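Chain lettering (A, B, C, D and E) follows the sequence in which the chains are written, and residue indices restart at 1 in each chain.
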């Protein structure tokens, strides 16, 4: 038995080694130099050995008792959705604490950290928006970045041509993005599943390409600069540039570049909280339920009188609006926008946030947004290995939690006391049905 | 005699070369159970799909009686932009499916709540702000859901995932869900398939109660002749897409054409 | 029971996530027998059948086929041992033609006997012959059920598991299906039949099991069960 | 209008289109079987370009001069190694996700795509690489000043693609393995019950997909002569577009979609504007899908209720 | 602190990674020498890499990190203009010296930042030279302008176009190709159909190489003129061999390695095992300037003032800066290729 195991292990190791050697030999082992190559085969052999060793280590861990337990656990969390019992403790306290912690973050964090926090929150917003479309309504959207771009460019170009400010852009952006969502939705809603994915991808690319090509209007690849935000006419710059009064002068305090970040962070944080609340409400509202029902079975929905076209349209528009909102914050945070920020990869990243979070789960989306924005920053120390490690972690996380970080929980519903027990059918054996 | 609730007039349905229904006419009277039977592939489900607006019949008319006189299903679904089968449901026809179509990853109650989306205050703002009107509407919807769960003997499963339920209960849940739309006519496609005889008996009681206590009109496709004979007031038999017999259960049960095409010589019936 | 069972469940448990769907199930089938399994909705009958094919896998206990434990074998190896399943809900290949569906049935044994077996099946189900080139997904429920049976038979299995073969079939066809089952049994095949139509099933089979809530509640000669008061009440709908 | 220019643009479009088609085949096959958009496919193609160049360098190092021999051995070796990449990627990143949500492998694929790009960048450097011209010369039509031409290499591309595609279409539609692929596509669980080794079928599909990408990679490398670790991205999106245009899941559709896309690009670039050719291509895609929601040759899902 | 930190920001991943590597290699080669020689005023210099992948979003994050976490005292970078523009706002706020080795877009220095210097030429400078070269030296009048729709490429081409139009020459074609593509046959055919006798290309080698090759393959008889991004050894491979480079010209700084006074640079690079590519030299030169400025004082004002007042004898020649922070009289010369693909100076 024991030797048998060893034998399979050895076989496994050898196989892994051979396969990885073949894989690594050309790319890692022979480095192109002009039309000839440099021999680095030892590197390939080392890599292959490393992979084989890793494989064996995994198998060995799998053989031990603890390993099996872990493996068993990993395997058993497969089923995704659970219904709540209605007896869960109210999370109000924890939520309150998180809210306060979020509000007080600027007092502890430096600008770098705050900058990342702002990005993370922007991605939360994007994730929440896309989650409506993909997670709730089940429409695979690979061009979400288009709405993000609409929001960002609204502020940039609006300021340039119409004199729009941060606040007015913040109000207009959701509507404009929603409108774009509607324009896109019309041709799209007839399509199914993955056709929809490519059409949205195409739409995202069209927006980016137009932004890039329409030099006269958008500044093309040179981008467009975005004025810094103002608060009741107060400016955050060292000297007033938009005809207002600098904030630090008004309050008679020393100038610090941090104030702008504080301001953006706080406004963004509040907006995210509002959106989270709204999205959470949506899930227990008829509209949100119809989205989810549509995701589950469109035909059944139609048989219940749900206007599927209209319902999908609302999902698209609301998702787009949220994306537009995020765009405004992105623009104001960067102070500069150009098309490189709105590539397909960005859409993929947002989608990864939604999927990794657990389709449809708000908490999951927030968690995933934090993970996927903070992770690349943490990986900075890996320098050029950063992207490699990021890719590996993305795959590992997906394998580890294929259904997302957070399980979707469905709310429980109970009848109001007035009808309790009234609906018991005559043939029912158990009248005290309500748990 | 007043006008029938549903009047199917000379409906023909073709799929490419296949004619699934040929010149079918029958009517469904208010407050009773009409059964649609026939061999496999006779075109019963197709007929249902035409009635519920999933297909547009190639020829003929399907009229649903309403407050403003009879309404043609065909015009509802071909209405530009807003048209579609959902309008048929809104006009008062609900259905279940031969292959169960529940929202599997949603809870049982939620399945029923989706069905009531038209009566709940479907307004974004009021929903997000939780206005009293919205809360009242939600509460009523939940209560109505529980009412139908009770009727279908499913209260125990209210807060489980629909997909986890065993087959038989899923079938009952589908009926409950269809009832939640408050239909004038409910169309059941093989509701007893996969139920054992005692469960079938329960189901037939449920259907009968629907008619008696709630004045519900039912159109049902079923292969379980025991059930059909027990509950229906009126039976229509299709074969090869055509109506071969139409009348009371006794009439149809003794119609030699039906026996030859569909029933065979029934030892079971003889036994009972 | 002198003969060694062809298939045997010994102490099998199975779970869907946290839910235990099979609780210490013991069932055996002897070569050449027709055994039926009846039980209410959700009793776990389908789970029992599909646990033979590894979904869900038995979390404890053994499933023995000819004395070998097959509960850990990959799904695709099971059918090569001569076990075929007519699944609940038909599960035919919607987008393939009738013939292609039947070809898929031959996977474990290859196409050598295809023509011959196809002819046999077309005799059993003339309807399929008519529709041999139709896309299976557009056929009526009953037609699809016939196809599912035919497909399973194409592998020339020794043991066939039927999960509610009469589901959704017209009375005439139900009769034919049960006749077919009888014919299949006469060909020397072993049949394990899950049915809601307990009356029919018990009349056809020699032995039967009654399942309640994931456990085997009763078992014995079919004839005896047919007379059993509880069974009559609960499953035959007779009071 | 110069008719030779028009003919030249048609040639340009068709060769570009067949390459799109070749890569699109990989998307379509994988999609056809497990309904997954394999976003790493473009990068597999990129890897194959490197393997091809390295193989050629090694062959030259060992003094192999014969062009046909070199070309064929490069093709064979590259296909083999790239196929192994396809296999390994499926094994490591997608198989563990079988049976979870549809989108999980999509994200995993994006991760793999990042990994491959970054891996090649680190191992081979970020700079552009190239291969020497193996086959030069062209068939020319017309006089010395006005002419249209198709290079020998482009001819090779056309024929190789058509042959590859012909073989694949035959395999899928008329062989047992093809039938099993379609079976797995429609109902993986029941296929396993019927005795299909589903894991092997899926692996096979990835292997074939990667191998076709490698054919594309080799041809493109020899035709355009240069590549870097980033070429997978644009090609990936284009090929994916082609696959959808033709009706994702359909092999002839992928080819048709590719050629259509190639022609559109060439003609639009040639007669309207290079700047907006991609905008036009995507707009065309959207419009086309609006009228044919399942692409050119895609079959609508059967919706029998 | 007992070390002085210099941030080196650029694309170490993504499509432009090759440039980031080159700049960093140049910078680190010089900094190693400085450290070996005792550092800046006795303090060792430590380099911090900041990868922005040429994305503005990451550039801002890198800038914040440099300022707040790493507390760098000077920045060499960023690479792409689109990254430099947003990131420089942050360095400006923080009062940190920044010198970009490659962002040639005019906007970079036109915003009047006192801390920002450009360690390379400007697109508009280069364009004027290029237009003159095509019209006067090569005497070509039917010019097709091709760019890659990126800050650098399009900026360059637009400036060339402007200069030409000022001289009354209308380009026969003005088109943008897509970065990341390889097949430009359609564009090449179009160029051919316009009857152009010169192509000016604004862009990088991954697209430029195949473009050159396809022009040759389709037998289009034009001269190909382009910018300093082509001063890279991999061009030969990308263009399909030396034969295709016959009529290709690019503008660049006079090759410093040909200048005997930079012998030291050459030795240092050889010692460090670094191939002396274009941006390696820029990196080296920028490091020289920044280190010199840091030696002048701890305060930005002192450093900036030093740079504005002094001349740096750098790897790319003697350079001085004007008030805006641009190099005064940045010189561009033209190169062509010999049979082996080695660049030769056009006299």
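Note that contacts are C-beta pairs under 8 Å (C-beta built on N, C-alpha and C of every residue); 3 or more make two chains touch, one makes a residue touch a chain.
To keep track of the chains, here are their UniProt names: A = High-affinity branched-chain amino acid ABC transporter permease LivM; B = ATP-binding cassette domain-containing protein; C = ABC transporter ATP-binding protein; D = Branched-chain amino acid ABC transporter permease LivH.
Predicted model only: the values in this text are computed from it and were never measured.
Looking at which of C-D and A-E shares more C-beta pairs in contact, the answer is the pair A-E. Legend note: the chain whose CA centroid lies nearest the centroid of all displayed protein CA atoms is A. One finds 73 Å separating the Cα centroids of chain B and chain E.
If you average the Cα atoms of chain A and of chain E, the two centres end up 36 Å apart. In whole angstrom, the spacing between the mean C-alpha positions of chain A and chain B is 42. For chain C, residues that reach two or more other chains under the stated contact definition are 16, 138. Residue positions of chain E with contacts to 2 or more other chains are 13-14, 17, 21, 149, 176, 234, 236-237.
Contact of a single residue of chain A with at least two other chains is seen at positions 34-35, 78, 80, 213, 299, 384, 386-387. For chain A in complex with chain E, the touching residues are 34-35, 110-113, 115-116, 119, 212-213, 215, 220-223, 225, 238, 257, 330, 333-338, 340-341, 377, 380, 383-384, 386-387. Considering their complex, residues 13-18, 20-21, 149, 175-183, 185-187, 189-190, 192-193, 205-206, 209-210, 213-214, 217-219, 232, 234-241 of chain E touch chain D.
Across the complex, chain B meets chain A through its residues 52, 54, 82, 84-87, 89-90, 94-95, 97, 101-107, 109-111, 113-118, 120-122, 124, 127-128, 130, 139, 142-143, 145-153, 155-156, 158-161, 177-178, 181, 202, 205-206, 209.
Residue ranges of chain E in contact with chain A, taken from their complex: 12-14, 17, 21, 49-51, 54-57, 60-61, 64-65, 67-69, 81-82, 85-86, 89-90, 93-94, 105, 107, 149-151, 154-155, 158, 176, 233-234, 236-237.
Contact residues of chain A toward chain D in the complex are 19-20, 22-23, 26-28, 30-32, 34-37, 78, 80, 134, 140, 187, 190-192, 194-195, 197-199, 201-203, 205-206, 209-210, 213, 299, 344, 348, 351-352, 354-356, 359, 384-388, 390-395, 398-399, 402-403.
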